[in-house]
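Chain IDs A, B, C and D follow the sequence of writing; residue 1 opens each chain.
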Amino acid sequence: MKAVRFYFIGVLLLLNCFSSGALAQTPNFGGTLITSTFGNITSLNPIWKYDQPAFMISQNIYSSLVISDWGIAEGAKPYGDLAKSWEVSDDGLTYTFHLYDNVYWHDGVKFTSADVKFTYDTVIKKKYPLASYLKLVKEIQTPDQKTVVFKLSEVNAPFLPMLANASNWYGQIIAKHLYDGTDIQTNPYNKKPVGTGPFKFVEWKDGQFVSLQVNEKYFREQAYLDKIIWRVYANKEVPQADFISGNLHLLMYELIPPFHQLKALAAKPGVKMWEQKSIYDRCIVFNHKRKPFNDIRVREAISLAINRDEVSQLAWAGLWKPNYHASCAGAPLFTNSNVRWPEQDLKRAQQLLDEAGYPPGPDGVRLKPVLIATAYLQSMVEVIIQQLKKIGVQVKFDLSDTTTWQSRLNSGDFDLTPYYIRFGPDPDSYGEHFGTGEARNFGKYSNATFDELVKVGQKTLNFQKRKEIYDKVQEILRKDFAYLPVTESGYFQFSTAKLHGVTFGDPTSYGKSFGWGGYRAVWFEK
Amino acid sequence: MERIAYLIRRILEMILVVLVVAVLNFTLIHLAPGDVAVYMAGMEAGPEYIATIRHEYGLDLPLHIQMGRYMSRFLHGDFGRSFTRGEPVVDIIMNRMPATLLLMGSSLILGAVLGTLGGALAARHIGSKVDYLISGLCVAAYSTPVFWLGLILIYAFSVHLNWFPSSGMMSFLEEQRGIVDTLRHMALPVLSLTVYFIGQNIKVARASVAEAMQDDYITTFRAVGFRERTVFLNHALRNALLPIVSMTGLQFTQLTAGAVLTETVFSWPGMGQLVFQAVLSRDYPLIMGGYILMSIMVVLFTLLVDFIYVVLDPRIELK
Amino acid sequence: MNLRGKGRLIRELVRQKMAMIGFFVVCIFFLIAVLLQSLPIPDPFALSLYPFHPPSSEHFMGTDNLGRDLFSRVLWGTRASLLVGILSAGLSAVIGIIIGGIAGYYGGWIDDLSSRITDVFLVMPIFFLLILIVSLFGSHIFFAIFSIGLVTWPRNARIMRAQALALKKRAYVTAAIGSGASSLRVLFFHVVPNGVSPVIAYTVILIGQAVLVEAGLSFLGLGDPNVISWGQLIRSGQQSFANAWWISFFPGLMLVVMVSAVNFFGDGLSVALNPRMMRR
Amino acid sequence: MTPYENHTLLEVQDLRMHYRLASGAVLKAVDGVTFSIRRGDKLGLIGESGCGKTSIAMTLMGLLPENASIRGGSILYEGGDVLSYSPKQWREFRWEKVSMVFQSAMNALDPVYRVGKQLSDVYRLHRKCSKEDANKHVEDLFKLTGLPVSRIRCYPHQLSGGMKQRVIIAMSLLCNPSLIIADEPTTGLDVIIQDQIMREIVSLIDQLGLSMLLVSHDVSVVTETCKKILVMYGGKVAEYGDIADVFDNPSHPYTMGLLEAFPNIQGPIKGLAALPGTPPNLAVDLIGCRFAPRCPRKEALCEEEDPPGAKLHGNHVAFCHFAGDPGIKSVNYCELNG
């Protein structure tokens, strides 16, 4: 059967490679990329909602104003997509973007600064997701067709990196001439999108696949691939099967097998594994608003109870390393390596619980906290649950779908939850995770000095000064045991060995992909 | 005349059923924890965006008002627009329904036919090894989880043998599409969905054929000089069909269950999968529409089966 | 059809090899479920650093994604799965008997009402209803049990109703009424005991169905992560089926065996309880 | 042994038919039965249930179940050896030559087809002819059997028991066979209808000059309708002869028992209540006269030897050691019962 399988791959490659040539590392054009996405694609309009499977696609159809590559600190620097260049006024309140001139929508209409203004004004007016990054935008002006000016109400250092970073999810620029005066959410073009990006929309068979073809009139050098096809999977098992049997060129990070099997898969002939560091960690968030975790001693006890190496080994097969810092390897610039969470110490942990007034019951159980999670981090959670048993903490595990989980997070209906904190693209993200009343501060952690420092940080433009500020921030988080860092994180994707320039992993794609799902830099080896 | 009365009565029942389904689901959905606004907003969204969504979709109104609004719109045939897609619910579902009907229909028919044949075979050799084998297998067949079977089939026939595609309903390369292509895509899902029903049907068919073979008229038609085969087909089997048909009627509901699982395993673009995804993303209009149309489908089918039964069995009086 | 004729019932059952085999298999599973703690098997929760170990001499069903011994987890799965099966089927039977019995015995508007409800349930896509309930209200196992029982009772009710209708005209029932017994008493001490057997037969079948349903829910990710059930085990292995087939294969196999056994027994029972039915 | 007669239609010689039971035992249902039917004859085959009379009927139609087997003897129909027929010959023989009026008319017709169709199908099976002709023929038969032609398009469940029975009769006449086997043709009908139907059958048979083998447990029915009687007991012939002879001079104690039981006025049949004891178990090897255990005149001899057939007046034969012995007549059953 192996023979059969590889024969099949062969056929596919024939389909993909039209011109012949020796093994050269110079990219060559042509080929159809068959890639995968999970869940239902609901709308290909990039601005009005958060749609995991869709944004990977829309990034290839649409262009953003500014964009940044995945995660890692150096890559996270914003760079222009539609913006050829920009300058920031000395007072830090005015951002002037100069747009590319030769940009056309796929329907042939010329792209202008009006489209940018229209898109962002709509986002702000309708409070679409990107709005939370445009809070400080007082006004958007378009002095001429190729210039856009942002007026900010106050100085905000993280403004641009955050905007660029968020543009990877949503908020790409949509066509004013198609959307102006219509209901954005129900506009028919949400199903047959028209963008300015490197690929043009061809076909969307609901629940099956979406296919794009290369845009010859792209305002940059055109993409290498002729065609991209996203197969939409309703489950996470079969994509692997298809990848192994050669019916899929690219296995998305969310569809890969459990970590322990990645090496085995990577070892298969003709398979390449892509690894990508991340600005997110994997951690446990405490609910500071209710017993028992309103008590710092309990939080510390938990921190002392877990064995990060075991988690790393069992849950992540050692691929995600233990993390003791209030930062992560993906964001080294602002990491304060002196801030360190303690190693496992069960004796001390139990001692602390005794002090906190949680002696072991007859069955040896001290606490029965409720932990909520989705299937996503289940294996990590299961390991930690076993570890906490050792200090008499009997976790009640509520596994649920994302909706329930998110709304329980928002309503604070939990004691513990696994979570992912981002430490980039700008350290300002500490604010959104731990600032009093901030969007992602689900644990309701609150510390006045912390809030003060974050505010200062936003106004500070000098790098050295900012670093000092965020070093302090990290000390505070550690001192309060505000949360519990467990491991690093990162992303793994698989592709046929013939594939190059994959975002999430291949450095050659940086600065050329214009989005984490951008396939502009992808090409097939002959 | 009585037939029309019957039809009317059945249609009234049907409407009742659908209304109950509607009300029941609506209440369930809206009593449930989990805030759709939060989900729609997505991880990156701030509270104010969530608030706007909640308001925009009238999720902040008291339940009975929401229900009232919904029912009145529903009675005018308007299922509203999907939260997550912005399209009219009816369009989305109608776009998915053919796939589901194709899958369910072919499994149902295949199951009925093969089941009947198998059952007849077993009944012909009752008590023999063949009988034991068939009966044993069919119990095993309807004791096997559809999705588990599906996974195994995929790895056997798609990964290792590479005979059939693992998922989807058509090739994504224009030039490869066509009836044959669809059939190839159907092979595995239909198989895994059918096995269960073949099992059930064999069991029923076996019992009813065997019972029919005991009847006196069988002796009669042997006595008048008909061939054994003729007697079996024209009389034993013909009478045995009745219970099988009514069985099939009941199976349609189970089939919807099988559909959501099979569609999920094989990424079959049907409404089972769609509605499940809708449940996960709390797309209320889509969930409601899905459930209501699904039960309308079931009721219509039950109605159809009733009529077939009436045609097949002259003894039934339509009262 | 009367439970009193136990001797006959047992003779009938013994006549049917398959039913007997089924019965014994179920008993074995039951014993396993009861004796779990005292069985010489490793702790099913104990993590080890040997995840995804293929079946071998020390782990002869292999280990799972966290290096836990699959064999002992599969054995533990027996308990949850049986629990789901028996409790939900039992619940369904009880509700069905009460409602069906009352409907059939008293007739009138009660009967009409319950029959309507029954009809509705019989054409409702029940599994979808389950998905909705469980995914909206939480996946706790007892919740699943409860909802399965709640959506499956109508068929039992229908059977019981027919029985009650037939039985209430019987001599001993009228006699009982004549002797001045309260109607509820008559219903539950005379009618139900004499008419309950087909319900029992169906309930046994339902046990198998319930186990399957639980597995199905788990497959969709709606299972209870705090308990080890076969459904959960199958699910835990799905993602790694390509390289670690055993993790979902063995639990699935166990499930097939158990449900088959239950079905064989159930079929046998209904044949035995119902002499009219033809037997080999 | 039986004296030969002319124009013999059916001749059954020393027929032996056994069932193999699940237990492995062999049940000698028919154990050396001999009789013959001449054209126009009406033979009544009578005996308690389980004495093998229905088995004989089924053997004649070749409708034996798998576990039955012919263990000797012969059946000659117009001189042709029926038992040696191939399946094809059998199919032609059935209904063409011998047809049957079934008992339990209630279920003898397929509920899902119209009666007319069922009949015409049978007719077209034997006479290759057009639907129209077949229907025509069926109509005639309906008229003949006194059924309203309109009923042709009815389903069985829409007919009364009597009508069903008439349909069955019409069916039996479809291919005008020379012999009709009527197996308890009136069971399951209420008494008044019973006589009516019976009379119709007889008149039809005379009218068409057919022969009949009437299988019944009801002496009165047989005496009314038949010319000859064959009394069976325990798979064997007990007594055989013209009704007149047998009645004037019953020569087998069992026959006497039957006649004792025979009600003076036409009323409900008392069956063989007057006879003490039960029929023999045919699944065990029996020595001597089958009837001996119940026989009031039993003597040592009876338990050792199978009685030979004693020829009496005409073709009247009785299988009793004491057949013709005047002493027998004086037996008083009532006294014995006491």
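Rule of thumb we're sticking to: contacts are C-beta pairs under 8 Å (C-beta built on N, C-alpha and C of every residue); 3 or more make two chains touch, one makes a residue touch a chain.
These numbers come from a predicted model, not from an experiment.
A.B. asks: Taking each chain's centre as the mean of its C-alpha atoms, which one lies nearest the mean of all protein C-alpha atoms here?
C.D. replies: Smallest offset from the overall C-alpha mean is found for B.
A.B. asks: Looking only at C-beta pairs in contact, point me to the busier pair out of B-C and A-C.
C.D. replies: B-C
A.B. asks: Farthest from chain B by Cα centre, which chain is it? Let me know.
C.D. replies: Following the centroid criterion, the farthest chain would be D.
A.B. asks: Starting from the mean Cα coordinates of chain B and chain C, work out the distance between those two points in Å.
C.D. replies: Chain centres of chain B and chain C, defined by C-alpha means, are spaced 22 Å apart.
A.B. asks: On a C-alpha centroid basis, what's the spacing between chain C and chain D, in Å?
C.D. replies: About 54 Å separates the centre of chain C from that of chain D.
A.B. asks: With chain centres taken as the means of their Cα atoms, state the distance from chain A to chain D in Å.
C.D. replies: 92
A.B. asks: Between chain A and chain C, what is the separation of their C-alpha centroids in Å?
C.D. replies: The computed centroid separation for chain A versus chain C comes out at 44 Å.
A.B. asks: Can you list every residue of chain B that touches 2 or more other chains, as numbers and ranges?
C.D. replies: 33-34, 151, 155, 159, 264, 280
A.B. asks: Considering chain A alone, which of its residues make contact with at least two other chains?
C.D. replies: 235, 237, 241, 244, 400-401, 404
A.B. asks: Where in chain C do residues touch at least two different other chains?
C.D. replies: 135, 138, 238, 241-242
A.B. asks: Would you please name all pairs of chains that touch?
C.D. replies: A-B, A-C, B-C, B-D
A.B. asks: Across the complex, what residues on chain B touch chain D?
C.D. replies: Listed in rising order, the residues are 215-217, 219-227, 235, 238-239, 312-315.
A.B. asks: In the complex, go through chain C and note every residue touching chain A.
C.D. replies: 45, 47, 49, 51-52, 65-67, 135, 138-139, 221, 223-226, 238-244
A.B. asks: Sort out for me which residues of chain D touch chain B in the complex.
C.D. replies: Against chain B, chain D makes touches at 61, 63, 90-96, 99-100, 102, 104, 106-112, 122, 125-126, 155, 157, 171, 174.
A.B. asks: In their shared complex, at which residues does chain B touch chain C?
C.D. replies: 13, 16-17, 20-21, 24-25, 28-29, 31-34, 126-127, 131-132, 135-136, 139-140, 142-148, 151-152, 155, 159, 203, 207, 210-211, 214, 250, 253-254, 256-257, 260-261, 264, 275-276, 279-280, 287, 290-291, 294-295, 298-299, 302
A.B. asks: In their shared complex, at which residues does chain C touch chain B?
C.D. replies: Checking each residue of chain C against chain B gives 18, 116, 119-120, 122-129, 131-133, 135-138, 208, 212-213, 215-216, 219-220, 234, 238, 241-242, 245, 248-249, 252, 255-256, 259-260, 262-264, 267, 277-278, 280.
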